[in-house]
Amino acid sequence: MSGEMDKPLISRRLLDSDGSLAEPPSEAPKVGIVGSGDFARSLAIRLVGSGFNVVVGSRNPKRAARLFPSAVRVALPADAVSSSEVIFVAVFPEHYSSLCALGEQLAGKILVDVSNPTEQEHLQHRQSNAEHLASLFPACTVVKALNVISAWTLQAGPRDGNRQVPICSDHMEAKRTVSELVHAMGFLPVDMGSLVSAREVEAMPLRLLPSWKVPVLLALGLFVCFYIYNFIRDVVQPYVQEGKNKFYKLPVSLVNTTLPCVAYVLLSLVYLPGVLAAVLQLQRGTKYLRFPDWLDHWLQHRKQIGLLSFFCALLHALYSFCLPLRRSHRFDLVNLAVKQVLANKSHLWIEEEVWRMEIYLSLGVLALGTLSLLAITSLPSIANSLNWREFSFVQSGLGLVALVLSTLHTLTYGWTRAFQESRYKFYLPPTFTLTLLVPCVVILARGLLLLPCFSRRLTKIRRGWEKDTIQFVLPADHTQAQKTSQV
Amino acid sequence: MSGEMDKPLISRRLLDSDGSLAEPPSEAPKVGIVGSGDFARSLAIRLVGSGFNVVVGSRNPKRAARLFPSAVRVALPADAVSSSEVIFVAVFPEHYSSLCALGEQLAGKILVDVSNPTEQEHLQHRQSNAEHLASLFPACTVVKALNVISAWTLQAGPRDGNRQVPICSDHMEAKRTVSELVHAMGFLPVDMGSLVSAREVEAMPLRLLPSWKVPVLLALGLFVCFYIYNFIRDVVQPYVQEGKNKFYKLPVSLVNTTLPCVAYVLLSLVYLPGVLAAVLQLQRGTKYLRFPDWLDHWLQHRKQIGLLSFFCALLHALYSFCLPLRRSHRFDLVNLAVKQVLANKSHLWIEEEVWRMEIYLSLGVLALGTLSLLAITSLPSIANSLNWREFSFVQSGLGLVALVLSTLHTLTYGWTRAFQESRYKFYLPPTFTLTLLVPCVVILARGLLLLPCFSRRLTKIRRGWEKDTIQFVLPADHTQAQKTSQV
Amino acid sequence: MSGEMDKPLISRRLLDSDGSLAEPPSEAPKVGIVGSGDFARSLAIRLVGSGFNVVVGSRNPKRAARLFPSAVRVALPADAVSSSEVIFVAVFPEHYSSLCALGEQLAGKILVDVSNPTEQEHLQHRQSNAEHLASLFPACTVVKALNVISAWTLQAGPRDGNRQVPICSDHMEAKRTVSELVHAMGFLPVDMGSLVSAREVEAMPLRLLPSWKVPVLLALGLFVCFYIYNFIRDVVQPYVQEGKNKFYKLPVSLVNTTLPCVAYVLLSLVYLPGVLAAVLQLQRGTKYLRFPDWLDHWLQHRKQIGLLSFFCALLHALYSFCLPLRRSHRFDLVNLAVKQVLANKSHLWIEEEVWRMEIYLSLGVLALGTLSLLAITSLPSIANSLNWREFSFVQSGLGLVALVLSTLHTLTYGWTRAFQESRYKFYLPPTFTLTLLVPCVVILARGLLLLPCFSRRLTKIRRGWEKDTIQFVLPADHTQAQKTSQV
């Protein structure tokens, strides 16, 4: 595809010897544009560059002609419209009604709606711009297309990023015609079905990573909380109670004790909603009841939370690997050696300390390795090559393995510290003990759900069995249950 | 696309003020469902939610009606079938024959087969469920679709993972109708050609990463073997012969000497089958003979073996970076410093040791970097943007570079240890010498194949030349060769 | 999809009990092939294996028959052509004219052009092979297809890499027929529009990562320059002036000081052309003037330069993590400890040194983390799921954050060294000062462009406003400006 991206904006055969745009041969397909704004202009240049015969309709053709390359014919709207089968409507939606005068000339033609609502309009209106246009011109075929492409991209060519152009219409043939046109312009047409989807298509360019907002805020919130907690325990306490200056720990050491807490809690939050959903289904005795909204949203954001957990875990690994690079690490080592010599101790070795660290490092690497497999299978192109069984095997199976490995990593890191009074600085428990709460609940609940009494019932429910259908001898009661199940 | 994933299961305009599903407008397209099981129910809810008029056919409509939302009309099968053009057959394949009574009403309609065989059935039968259905209703148009979607996904909406729905049929028009229906339900229809592909489509949801089984087992087997070998050499031998307790090496150090062995051998196994294939073609003098089955399977699993090799190499890097974090590393360093002081040695420096380590670390990083490029180009979305020339340049060219770099990494790691008697603990050679065998054979063979005498012949063979066609004056002999070539 | 890749080359039901290819049933669709070369042969085998009835047309059928499996019928061209609707033209383009004798039999049929020009031919000719074929047979429908597939891939099946087959033709129906044929052969047909695209399609298999050449050369050039510079400063200078042997630094230490320079400069080169483009637009007062070629190419290669920058940064991280693993690091540490003991100093701690290193390590990790997000969103499958707003938010917004973080990383690394005379070895300034030039210019310019006076004007220009259109009362001057704007 990169070959296509090198495609020059304006194909060379359309350039005169003096470099100006030559008029395309008269047998080239004709395309009309209504409007003479920036989008119309960029569209005209791109269309001419792709080998089309372009006629622009403007109320003041003489003045507008100066804005377009000479290869573009600028005429009155009625003229522009009558000479071509496909007409791009590049005027603002609020002026659509001003085109009604052209109704007769437009009858039977393909109108391409390229407009976008503002964020506010999109939230207010029920009807899409394209459907509005279609209602004004019932004798025309309306196709929604190119709204995701900016005038700038039309001008500069589809250089990076998304080259896909969603297209929708109620008429197959018109959709196909516009698809080929879009393809000829160097974009990738994507069929989005009938015109009802226009609202969805119009919402596309307004999105700004909506599914990431809550997860990112959650991760940031957790980071700030844990960072402050660690700051008090690791820096303030030694300073206040022992007069030691440990502020140098702020940039690396504190960040590195905070990141794993965030990663670990986030990972458990990926699996908590699934557990809650299962408990809810068990309790309700049916799967045909919608989950409450907060749970529904939570279930939908699991992928993002999981990826943020992986990102934090990765940063944690990078920070950890940086630890021995620090000058402070070097100084500590040398000072320890000097102390040993001065104390006349010849051999330093604490077997328990050695074992603890070897084990938790190994578990940490394995947890990160498992998480990375999860992250990779979240890539759209990989996820699309997996069937449901494979996807849930990796995401649910491997995910739980990662959660268990992380828990063991945390436990071996903590070792017996949770039970040492000296570790409770300012009476605050060690940070790792705080992080263990949610993950342990999730693992425990998952374990309980594996018990036959629960798992059998759950399997039955997920296959469509319902507690209340047994009671269909009680019609009154049932009707009520049925109603709720449709919410 | 994430925008679409946020699409609520049931569009809001279909919800009454009290939250129950409203009946869609009567002009909405009509769809029939035969069957009242869990899949039928989920399908009905999804279809109603997507704006369709749904009629369910059940032998006991009164009882079945309670299982469906009120927006769904439940009727006798004959009624349900006669009122709509597209009918989903949501009954078990073994009951298909029971629908024969509806033959007359079904004539000319589109039947959608959504069934899946069990794993056992799939292995036994030759005919797909869809083809079976088509043979029972020759007057109908059968389309295979939606079998990869579970009732649960239909219910919950296509939240994560694969949204693709493979569709196949012998009738273009019917396929298109069902494609649009599937699209309207929020899935991505994928055209799989004619109904002959139904068997393939039915096999899809049964897969569980089939191409990974053998490579993963191979990697695990290699890991276990090398781990035990290293355990004997690095832990048992010092314990038995020198009385030293080195068991703390089990979690990190031993894993870290085992992983590179596995990664290195796996990498060489990616390139060995290509060499064998070339040798076989040279020997046979033709490319038109099929390779033996084992070689064929091996050639097909190269990608998976390569990715596992990269994964092991990555874990090896992570473990290596963990080494200086270990408590044992700190103790060793301090003890070395103390020893130096006590021995009154002021400057410690072994030039050869320094050089050896600098070189093999650098080579290791380069090998990992090269492997990571290979891994990235294995991603479906990247591989699809490369042409054959580019793909083989990266996979074959860079792959060999990685193999050579890994070999040099291993050799500089080993240095002169292979020739020191003290390294042969329990008479066992150092582990790295064992791993060198296969890679060196591959590199040597690749080198030999570059010699003009071989490379020219191989090029000729791969362009279609055959040893035996020169001898076509000997028809008897040739016929035999030709026969074998078709195996 | 991996399931399809396991599809055997020749489906088993087509194999006789003795393993030879059985003739497919006579009702199987018929396909003709003209030519008996290697591609024709591989194509015939694949088609027979996919269940088609294949007739090959050869001038010497008797002799050619020996080259094809017995399931393929070999006949005279005229016979072969008349019996099937789709005919693959597998002869060299220079012999296309020799087929003119078949004109009558070919009339109304679909001709599939599978040919590829050589690199030289492609550069010379203006017309594609497919268009040439179409001009010779105006009564036929020409479809371009399968040219990206080698005879070897046809033979071995689409095992790895790209399975996409671009198809183009002026006739929708013919394109669809060939698409289904290609699909049945196990490939993925991709619609490339009308036959005009044939030139583009024919160029595809000739590509060898064209967009990577310049960026890779640039990165290599930068690497060599910085490596030599560092070599002189860090190795030659100590050797010449102090007699110290530091050659052991060549493999790791020097590479590790060179890589970040390359990564940092490359990253700034990603954002420099955007700044230049903005300045140019501000100066010209219009966006409708094409950028000079060098700037245009630069803008198009930003993605590749950015990815190379990330790759260098990643290698830099890996090399850095290797530093404490080196034997030289261990020796240095021990020697430092010994020196401390001998000097009777009990506590070693330089607060400023500690802070400097903690800060720049932390900034480095954050910069790498940000860069990795950029690299991930460059993956085609991720980029395709982002809209323009999201893509530019990540690529432009996060990219600048990464650049600022890298600059801070460099500045804290450098600290006060730029102002210490002792650091100017051989009068050469420290390397990091050299790298700061371009990035600082970019950051400064970006900051300036945020000033209201510039940003407002730029926004206006990018919305289509032009300096010269205000002056349309001066027609002469305007016409000239208009002319240039079409270049």
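Just so it is clear, A, B and C label the chains in written order, and each chain counts residues from 1 on its own.
FYI, contacts are C-beta pairs under 8 Å (C-beta built on N, C-alpha and C of every residue); 3 or more make two chains touch, one makes a residue touch a chain.
Chain identities (UniProt): A, B, C = Metalloreductase STEAP3 isoform X2.
Since the structure is predicted, the reported quantities are computational estimates derived from the model, not experimental observations.
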item	value
Graph class of chain-chain contacts, one of line, ring, star, complete, other	complete
For chain A placed onto chain B, the superposition rotation in degrees, Cα atoms, nearest 5	120
Copies chain A and chain C touch via same or different residues, half shared test	different
Gap in Å, rounded to a whole number, between the CA centres of chain C and chain A	24
Touching two or more other chains - residue numbers and ranges from chain B	1-2, 204, 207, 321, 324, 333-334, 337, 341, 379-381, 384-385
In the complex with chain A, residue positions of chain B that touch it	1-7, 9, 18-21, 37-38, 41-42, 45, 51, 63, 66-67, 69-70, 148-153, 155-156, 159-164, 176, 180, 183-184, 204-209, 248-253, 255, 311, 314-315, 318-319, 321-322, 324-328, 330-331, 333-335, 337-339, 341-342, 379-381, 384-385
Residue numbers on chain B that touch chain C, as the complex places them	1-2, 172, 191-194, 196, 200, 203-204, 207, 210-211, 287-288, 290, 299-300, 302-303, 317, 320-321, 323-324, 333-334, 336-337, 340-341, 345-351, 353-359, 361-362, 364-365, 368-369, 372, 379-393, 395, 462-464, 466, 469, 472, 478, 482-483, 485-487
